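Note that chain A is present in both complexes that follow, paired respectively with chain B and with chain C.
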Partner chain A sequence: MTLITLDTKSWAAGLTAAADAYRLFGPVREDACHTFKALEKGKTPDLDMVNTRLSPKALIFPQSDIILEYSLDESREDHHIMREVQKDVTPRAVVGIRPCDAKATALVKLNFDAPDVKDPYWLAAYEATTFVGVACDAPLSTCFCTTAGCGPYSEEGLDILVMQKGDGFLAKILTDKGRAFAKAAGWNPASGDLAAFEAGKAAAEKKMVSAVQTDHLEAADLLALHNAPFWEKTAFACLNCGTCTFSCPTCWCFDLQDEVAGKSGVRLKNWDSCMFPIFTVHTTGHNPRETKVQRVRQRFMHKLKYFVDKYKTGIMCVGCGRCVRQCPVNIDIRKVCEEMNRFNPADACAVRD
Partner chain B sequence: MEGKNVQNPYLPYPVRIDDITVEAEDKSLKTFKFVFLNAGDEEKFAYRAGQFAELSIPGKGEIPIGIASSPVEKGFVKFTVNRAGVVTTHLHNMKVGDVMGLRGPLGNSYPWDLLEGKNVLIVGGGFAFTTLRSSIVYMLDPKNRSKFGNIDVVYGARSPGMLLYKDELVAWEKRDDINMHITVDATTDPDWKYNVGFVPPVTEQKAPQGGDDTYAIVCGPPIMIKFTQPVLEKLGYDHDHIIMSLENRMKCGFGMCGRCGIGKELVCKDGPVFTLRQINQTPREY
Partner chain C sequence: MSGYTEKMRDIARRLLETGAVDMVIGFRKGSLPMMNEPCFVTRADDAHCLVWDGHCGINLANYLTDRKEKIAVFAKGCDARNMVTHVIENKIKREQLHIVGVPCTGMIDKRKISAMTKGEVLAVTETDDAVTVTTAGGDQRFDRADVMQQNCALCVHRNPVIYDDLLADPVTEQTIPDRYADIRKIEAMDAASKWQFFEDLLAPCIRCYACRNACPLCYCPTCFVDEAKPQWVGKGQDATDIRTFHFLRAFHCAGRCTDCGACERACPMGINMRLLTRKLEKDCQSEFGWEAGMDPNQRPALDVYKTNDPETFIK
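Now for the complex of A and B:
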């Protein structure tokens, strides 16, 4: 682990230098919100933000991604034979990603980098990317990362963690990828004060006002939770709009679709959402999750129970709070988590008339 | 692409339609025989009875279908497809010689290691008989037959004309190492030699008793499964001796796209084959 102290000038100059070897992405202000975009040459990421409206997951897992291509032109030798689409996997860096979103990438990796089967598109993008995170010193009231297996100075999934300090920055190099990036940026290692990091971390964690409790989720009976009486109430206001799943940095569900123009066709991998009825409908019309109650339950059970049981690495949520802030009807995962965590089937029977 | 050693699970093997058989009198079911275009792909597609694959039609999409051919049949793979949606309707209109894709094999299979040395009861209804056909051909193969005890098959369809693989059914009827109990819901054919009645009551009358050494594999429409389960329980089949194959809407087929989950299990990857005991521990969202 190496520390580097940077003033604003060397930060900016370093990023400009690194841009020769990396395609840089970072938060950019667009209208009222920030969004992750490719940084124009000489531009630094806009760190005057709490977080972006959408997570940076699209940089590794694009909302719509062409994965295969083919020709339907029967005069061609290879008509109707699918080919892999070549992707740009030259080195790139995401500068300004928050620790919650970096941790989310590590959770999503469990899905796309399974022991026995790999998504080559996700993995190639992930492997090409260096994650330069910026610690979070001003969490929002909806942030609950510290109790969601993460934190404002969490290092998981990051190659470099940068904290803003006075007029400059203090960077902690965490991995070989991070070292390579620092070298490309011309940042000289081994100057800096670890205590400052610890102080920053403690101060940021102290500012967190929101928390979830997850200690009973793993031990809870899966079917009892599934049949718990609160789902009807939880889902009552839901519009099934899908904002929660699209803004979530850990939601990974996707669809495969074909598109044809003339004689050329492509197969696409598109974000999908468990909030949509078509997500699970059979060709017969039968739908195992026909009602919104079933779909809302699926989302929370997946994040807070199925994932917990399957991977044993905690909940599938990093506490970024995006779904809490953006849900048009104020469904709040913290409250749902609270209900799930304290649920006792015996109590549920006792209070039912 | 980077990660060169990684096989791309989205990329289908190119195949050519080698033969098409109309299976059902209402023409809703056709069996497609595919051959692989590239040498070596058939070996890579090594499968077990009970697995499925994505039939991949460029420009239309993909559909997960159980493999109807058997691992002991070489040189081709077969799928019997019900015409129901966009992809299957298009497939029904394709012709011999057409090129498309095949992605798989996918999912687990029937538990062949567990079934060795055991009596096997197969209960099938309608066009869900495909992977059961694969299983029967596998068990009856001269190299495999001695590995299994008694084999009983209850197979029903709406009418004689809706039964799949009629030539094979007749051939199996004549053998003495498999007990066939073919049935139809109803028929006006005066020469019909087999059973008339729904699958559950025929199972109750004809199927062997359950026990430690007997397993039932059940595959059929939901209504058949619903009424067959109590019959099997009555015959003494434990829930971990009742093996079923589930279906759900699928896209990737290898456990990533998220839609086919029944609780923490994914039908595509952890299944499609589960014991009834396993299914009882899920929210049964299928």
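Now for the complex of A and C:
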């Protein structure tokens, strides 16, 4: 681990220098909100943001991604043969990603980079990317990362963690990818004050006002939780829109679609949402989750129980609070988590509804 | 609207205690500022969780579709018009409903408040004419009229058109000299500018369908965008597919939309898709003298055939 102290000038100059070797992405202000976008030459990421409205997951897992193309023109020798679409996988860096979103990328990797199955499209984009995170010194009242296996200075999923300190920055190089980026930026490992980092971390963690309790989730009986009586009330307000899943940095479900125009076709990998009525509908017409209550239960059970049981790495949520802030009808994962965590099947029998 | 909450709880308690209804549909206090959560109450003891304030913009008619119970429901002017439409379209029976009319003075626009406030909004309190926003840096006070949802600022039917109980005396209806100034501006554009305008309007859409799902009119068992056999619309982020969704949805709401604003309020990207539905609302008014949901005995403008129709193509 190497620490580097930077003033604003060397931060900006470093990013300009790194832009020769990396395509840079970062938060950019658009209207009232911030969005992760390719940074124009000479532009630094706008760090005067709390967090973006949508997570940066789309940089690696685009909402709609053409992965294969083909021709139906039988006069062509390669008709009906799928060809991989060439993508730009030259090095790039996401500068200004928050620790919660970086940790989320590490969680999503569990799915796309499993021991037995690999998603080559996701992996190619992931491997080309260096994550330069900026620590979060002003969490929102809806952020609960510290109790979601993460934190405002969490390093998981990052190659460099940068904290804003006075007029400058303090950067912690965490991986080889991070070292390579620092070199391209001309940031020389010179001095660095680890105590300042620790103080920043402690101060930021102290500002967190929101929390979830997850200690009973793993031990809970899966079927009892599945059949718990509270789901109907939890799901009542839900519109079954995709706001929560689409804004979530850890939601990884996708749908494959073929689109043909004339004789040429493409295969698309689109975001999908377990909130949608047609999610995983079988070709027989059977719908495994016919009702809204079942769909809402699926979302929370996946994040807070199935994932917990399967991977043993905690919940599938990093506490970024986006779904809490953006749900149009105020379905709040913190409340649902509390309900699930304190659920005791023995009590359920005694309760009227 | 101050004082509504207590009256609501009393009515809910009475209706549940006497067994007049099986459930009451209303709002409970949200877990963050400017948000309330639609909820149902089945026991008189739970009536205390019901609330009412300027953050009840979600249209509760949406929660009535195909329900079988006897239901008491709170209805603003727009909600009540959607309940009329629901009854006309057989999505619920009038006898199943005990409508508690809520004379409404407009809902607060959470996006406007956030945009006008420096720092995170930590709390919002309101009186009949002012809204006070608390942030870490202190309080900011706004005139209620300046932070109202646009559809509420333009509303001319604040009082419910049907009800079984009225929560308070009717409020004064607004007189709006021109409800469609923004629509007229788009109408006046040439085709290319119009196209560009719609492209820009819909560019942020992520196809989460919050607008459709918040809308009480969108109750099709399978929406055309979800049809798979055969598939009607592409499901990616192609601009044509996105436009197809929004335009077709708007047309499907023609003559039925009450401009309740639930779609725009629900949109996580802040898209004003009401510019589409309001154009159709305006046309229904000028072409057929029609306003949706005003009379349970009259079918919507595009839902009837009259032998004296002035158009020759239809005869």
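Miscellaneous remarks
Assume the second predicted complex is superposed on the first by the 349 of 353 C-alpha atoms of A that agree within 3 Å, B and C clash if a C-alpha of one lies under 4 Å from a C-alpha of the other, contacts with A are read in each partner's own complex, and residues count from 1 in each chain.
Simple rule for what comes next: a residue touches a chain if its C-beta (ideal position, glycine included) is under 8 Å from a C-beta of that chain, and two chains touch if they have at least 3 such contacts.
Model, not experiment: these values are computed from the prediction.
Superposition of the two structures on chain A leaves chain B and chain C fitting side by side, clash-free. Of the two partner chains, chain C is the only one touched by A:Asn330; chain B is not. By the touch criterion defined above, A:Asp101 reaches neither chain B nor chain C. Once the two structures are overlaid, the count of chain A residues touched is higher for B than for its counterpart among chain B and chain C.
Contacts of A:Asp159 after superposition: neither chain B nor chain C is touched. Of the two partner chains, both chain B and chain C are touched by A:Val281.
Of the two partner chains placed by superposition, only chain B is touched by A:Leu123; chain C is not.
Angle at chain A between chain B and chain C, computed from CA centres in the superposed arrangement: 90 degrees, to the nearest 10. In the superposed model, A:Val89 lies in contact with chain B only, and not with chain C.
Within the superposed three-chain model, A:Asp255 lies in touch with chain B and with chain C [touch as defined at top]. The overlay of the two complexes leaves chain B and chain C separated by a minimum Cα distance of 5 Å.
Looking at chain A, you'll find residues 255, 257, 281 touch chain B in one structure and chain C in the other.
Against chain A, the residues of chain C that register as touching in their complex are 30-32, 35-40, 42-43, 58, 62-63, 111, 114-115, 120, 122, 206-210, 212-214, 222, 226, 228, 234-238, 265-270. Taken in their complex, chain A has these residues touching chain B: 67-68, 70, 72, 79-82, 84, 86-87, 89, 111-112, 114, 117-121, 123-124, 127-128, 222-223, 226, 252-258, 260, 265, 267, 269, 272, 274, 279-284, 288-289, 294, 298, 301-302, 305-307, 309-310. Chain B meets chain A in the complex at residues 1-3, 6-12, 14, 37, 56, 58-62, 84-85, 88, 98-101, 247-249, 251-252, 254-264, 281-283, 285-286. Those residues of chain A whose C-beta lies close enough to touch chain C in the complex are 31-32, 50, 53-54, 63-64, 140-142, 233, 236-237, 239-243, 246-247, 255, 257, 259, 268, 270, 273, 276-278, 281, 324-326, 328-332, 334-335, 352-353.
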